[in-house]
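What follows is a pair of complexes built around subunit A, which joins subunit B in one and subunit C in the other.
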Partner chain A sequence: MTDFPMPNASTTGLDQAAAAKRARMDLISSVVRYALLFAVGFLMLYPLIWLVGASFKTNSEIFAGAGFLPESPTLEGYTKGWQTSTPYTFGRFFWNSFLIILPKVIGTAISCTMVAYAFARFDFPFKKILFGSVIAVLLLPNVVTRIPQYILFRDLGWLDSFLPLWVPSALAGDAFFVFMLVQFLRSLPTDMEEAARVDGANSLQTLVFIVVPMLGPALVSVCLFQFMWTMNDFLGPLIYISSVDKYPVSLALKLSIDTTEAFEWNRILAMSVLTITPALVVFFVAQRYFIEGISAGGRKG
Partner chain B sequence: MAQVQLKNLEKTYNNTNKVVHGLNLDIHDGEFMVLVGPSGCAKSTTLRMIAGLEDITGGDIIIGGQRVNDLTPSKRQIAMVFQNYALYPHMKVRGNLSFGLRIAGRPKAEIAAAVDKVAAILEIETLLDRLPKQLSGGQAQRVALGRALIKNPGVFLFDEPLSNLDAKLRASMRVRITDLHRQLKAEGNSPTVVYVTHDQTEAMTMGDRICVMQAGRIMQVATPKELYNAPANLFVAGFIGTPEMNLVEGAMDGGEFVMGGQRLALGNELTGRLSGQPDNAVLGIRPQQFSLVSEGPALHAKLVNAEFMGHEVYMHADCEGRRLISVVGAAEFEARGHSDVIRLRPDPKTLHIFDKADGRNVSLQPRGIAA
Partner chain C sequence: MRSQRFLGYAYLAPYLIGLVIFTAIPFLTSLYLSFTSYDLMSSPQWAGLSNYERLFTRDRTFEKSLSVTLLYVFSTVPLKLAFALFIAAILNYKLKFINIFRTAFYVPSILGGSIAIAVLWRYLFSTEGLVNMAIATLGFAPVDWFGDPANALFTITLLRCWQFGSAMVIFLAALQSIDKSLYEAASIDGAGKVTTFIFVTLPLLTPVIFFNLVMQMVQAFQEFNGPYIITQGGPLKSTYLLPLYIYEEAFKKFNMGYASAIAWVLFAIIMVLTLVAFWSSKKWVYYAGDKRS
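Showing the complex of A and B:
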């Protein structure tokens, strides 16, 4: 005889009742979970939502309540804010930001890839010490190097130009990106590079034709991070750039608080919305690659 | 033209870990040489040194009469097929095949013609516009083969190319590769092949000669037939052949081999060719060389297990506490295998006697001792 339970009328009835109960519990649990997530998510996003809403309010309405829906929506903040109190429009500052970001991102991508490739794939004297110092730079607070850097760039005559913002990045000065790319490269098999060497490619050709395409997701992340950090960088331009006609948007926003427009909050908020828009758009467009890139450790080639 | 010579080849990692101990090997022009051995025997390291992907610690590698120790892989007239195919993931099959030629800056028309020719040989014309991730294992392997073939090299290096394929595909790729080698030879190209594998079936079926390696040393270099019939030592005897050769410890007593309570007459032919009388001897008997007899001199054993393989039966028997494996025909097993005590008579002409102390085969004809 076997004691394997055979289905009969009463047990199937019980099973059905249990299944229905479980389904009901699952539903309640889902409703509670989603309600909680929405509530917390809304709470976190509220300042951003309020920012967008308030940029369409009049100045007097902004401080009248905490609600985000404007009573009589107006574009005045945008039109007046765009004009600024300087001889330049906000478009000029966007253009300046672009002039800083583009060479910086390109320089970072090229230099960090080359340095990371060298660390990940070649043996050379003092490699361990050099890589150790890259990591040490990563851990060093930025403020420590501000003054020596400033004096260096002053002596080079680079003040009030974009060079102090471009050059360190073009020389793989961003240790974090080097580290990130080294880690990604270490997770890629070396077979393809060896096959390329057998096929007659030299180190540079192997890097350009084989390694860079495989590094794609990580490189997208590097460019995105650099884009967003440069867009949001306030201290760098503040220290090195003194002419208003070279100000990027981060400084231009501060400009409108400093001067006569001190209380024109709707203009400041409107320009803030415009300022965060490019970063948001780029992030959402490249989101897929970005996540692939930063979760790179587990990827197999 | 593309003879490969290894002279006292050595490899040491981190100055302390010596993995290749002075290899000497001559691979003839146009020869299919298989390096075989258990994992960790440094066969892949040796191949990678020939390819130039691994530095050489000592000795010389000579390809086509030229010392290549310090040449880059692309200057060594070699092409390599990797275990994981190593196809460039972002290039289509066409791009993968032509990469080497494009790097060399050959004219476009020549590249296109070469791609078409190789694709036709390997029957991958329909795959040319696919990415590697859209290929099956067998197709990827053929593309990898094509990438080597298109360079028209003097030496092909294969690093366990079939180990990622399933058994059936492996068997057909085996034939395809040897066919290709023969075809190229017939066309007068005479490419030399160095093929690394851990699978002795691949080694036996594909190689003109086989180099059996263990722990960074060469155990024997010989044709498949010679390796099977005249293994130079215990390691080769145990490594080559399926099922494994029975290796039974015992003692020599005149013309007889004594194992426990049983004595086996070795016969005049075998005792005549012994080059030594080891104190501790190991008797080597191929499972296929037993016959199941009902009377006469034989080893008496107790049948423990019988594996039915169709046309033959693998019998596992216990003889004086030692496990003996024998392969007999199904009919023979039906006639005489169904008793508690079976009588196994080995063919004395095919027996081998090894010296347990150094593993040497002391029963080889003098001419049979290979490097």
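Showing the complex of A and C:
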């Protein structure tokens, strides 16, 4: 800065003018940014707001206008939609989704933690190659393994059960989570673990009592993402689940579209709202973990 | 430390078992199956190159499906990433409520893959739907979104672009980690906002651009829910993406061999493009002052 040529005369006047100009530019910039953000936000979220409003409308009103407030609110869509055209209500399908999600999330959390612990804290032969395989699995399109997996599950007699949805995840099959946890674990200091070891703890005790508590936030992210992805998963259940009594909500919703009379729009919309509610609630309660998880995944590319 | 040499494998065991059973063996099996004719009833019959020959010489559906898939991926991924970066750049400013905006923009990414949103899309773009109402208010004629092959793919593209939130969050995190002194230096040198963005910001963002590019591309090639629910691949197969074709060949018609061949062509395309991205990244991805191991 010292060798920067500064005219001596009327410096203060110029500075003030420049400062005023900068303040004005800042203000314009802020206004433009807010305007753009509000416009984009409105465009992005209005369809969802409309969806919620429309689910309380009568069928004749749904396509009558673009507003989201129903003129004569009705719960008909919810009560009729909940009954479905099958012998089961949507309660059954939510229960099935829960039965798929819970073991899958627990299995994912345990297996991915173990594997991340191995990669981040141990040295073993072929470590580099094996970690490379995590990246390869991460990038490998599922489409190429799906058919043999289906044949394998058929031979095991697992078709039309939840096992094909649980077991691969319980064996750390979702490489994204392994990768995320390894990155997180590598960034943590090891002195606590070393202290525990000096005190005589074995590696499993160190993992359970020292590493897992430190992994806390990252582990919560893993569980939340797995919950959300499983809730939204459609292709997996579509291929493996064939009995209606085992359908998760994603399949049940598709079934409602196919079996509901074409003009009963509000039933479909109402059930759509219900199926996205769990993911939305979880997201708003724990959004910090989602945002941190996704940022951490990208940081080390 | 000697005992640790193999202790690592104890913790790695779930992954190793899963890797072999659910990834490595199926990967090779599907390659084998792609050279067979297999209907799940009898055992696979060796068919040599005939599946591939049929794919590339006689299968009009494949030709159509492949070109639609490429069109979809090459239009969706750049559009989505450009939009995500644009919004992230706007958010990266001393604004109040930045977290509220970030959260709001992320909501579609939470829900975007669900069937419910695909259902919503059918209503939004139906002839009397919300989108056409908006278009009518602006004084234009309504668009036949699902009936016209020229438009249908665009609705699926928009569905994916709508989910720009996760890419945006990654861009924003990278933008916020850029050293402010670089901007001051650029400003002292007399660089304007646009010049600074192009010559300072973009080069520093190349690692995350690269990451987002590869991830989004791999995902876009596998898009299934959107076309399956919204357009069922139509009209005139204009949204019949390859994953849809593979699904119908494999799980509707049980042509496991032929479906495997299509899957391998899709895989080969993704792999080649990923390798090109990795290879070219040495030329355009800039890792600020770190020697990556």
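Heads up, the rule we're going with is that the second predicted complex is superposed on the first by the 247 of 301 C-alpha atoms of A that agree within 3 Å, B and C clash if a C-alpha of one lies under 4 Å from a C-alpha of the other, contacts with A are read in each partner's own complex, and residues count from 1 in each chain.
Note that a residue touches a chain if its C-beta (ideal position, glycine included) is under 8 Å from a C-beta of that chain, and two chains touch if they have at least 3 such contacts.
Fair warning: this is a prediction, and the values are worked out from it, not measured in the lab.
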item: First, second, both or neither for A:M214, with subunit B first and subunit C second; value: first
item: First, second, both or neither for A:V178, with subunit B first and subunit C second; value: second
item: Larger contact residue set on subunit A - subunit B or subunit C; value: C
item: First, second, both or neither for A:Q205, with subunit B first and subunit C second; value: first
item: Partner chain in contact with A:I129 - subunit B first, subunit C second, else both or neither; value: neither
item: Touching partner for A:D191 - first (subunit B), second (subunit C), both, neither; value: first
item: Common interface positions of subunit A, toward subunit B and toward subunit C; value: 301
item: Residues of subunit C that touch subunit A when the two form their complex; value: 1, 4-19, 21-23, 25-27, 29-30, 33, 40, 87, 90-91, 93, 95, 101-108, 110-111, 113-117, 119-120, 123-124, 126, 128-130, 133-134, 137, 162, 166, 169-170, 172-174, 177, 188, 207-208, 210-212, 214, 218, 221-222, 224-225, 228-229, 242-243, 246-247, 250-251, 256, 259-260, 263-264, 266-267, 270, 274
item: Footprint of subunit C on subunit A - complex, ascending; value: 4, 29-30, 33-34, 36-37, 40-41, 44-48, 50-51, 54, 62-63, 65-66, 111, 114-115, 117-119, 122-125, 127, 130, 133-134, 137, 139-152, 154, 167-168, 170-173, 178, 203, 207, 228-229, 231-232, 234-235, 238-239, 250, 253-254, 257, 265, 268-269, 271-273, 275-276, 279-280, 283-284, 287, 290-291, 294-295, 297-299, 301
item: Subunit B partner contacts - residues on subunit A that touch it in the complex; value: 189, 191-192, 194-201, 205, 209-210, 213-214, 216, 301
item: Residue ranges of subunit B touching subunit A (in the complex, touch as defined); value: 51-53, 72-74, 78-80, 82-90, 99-100, 103-104, 147, 151
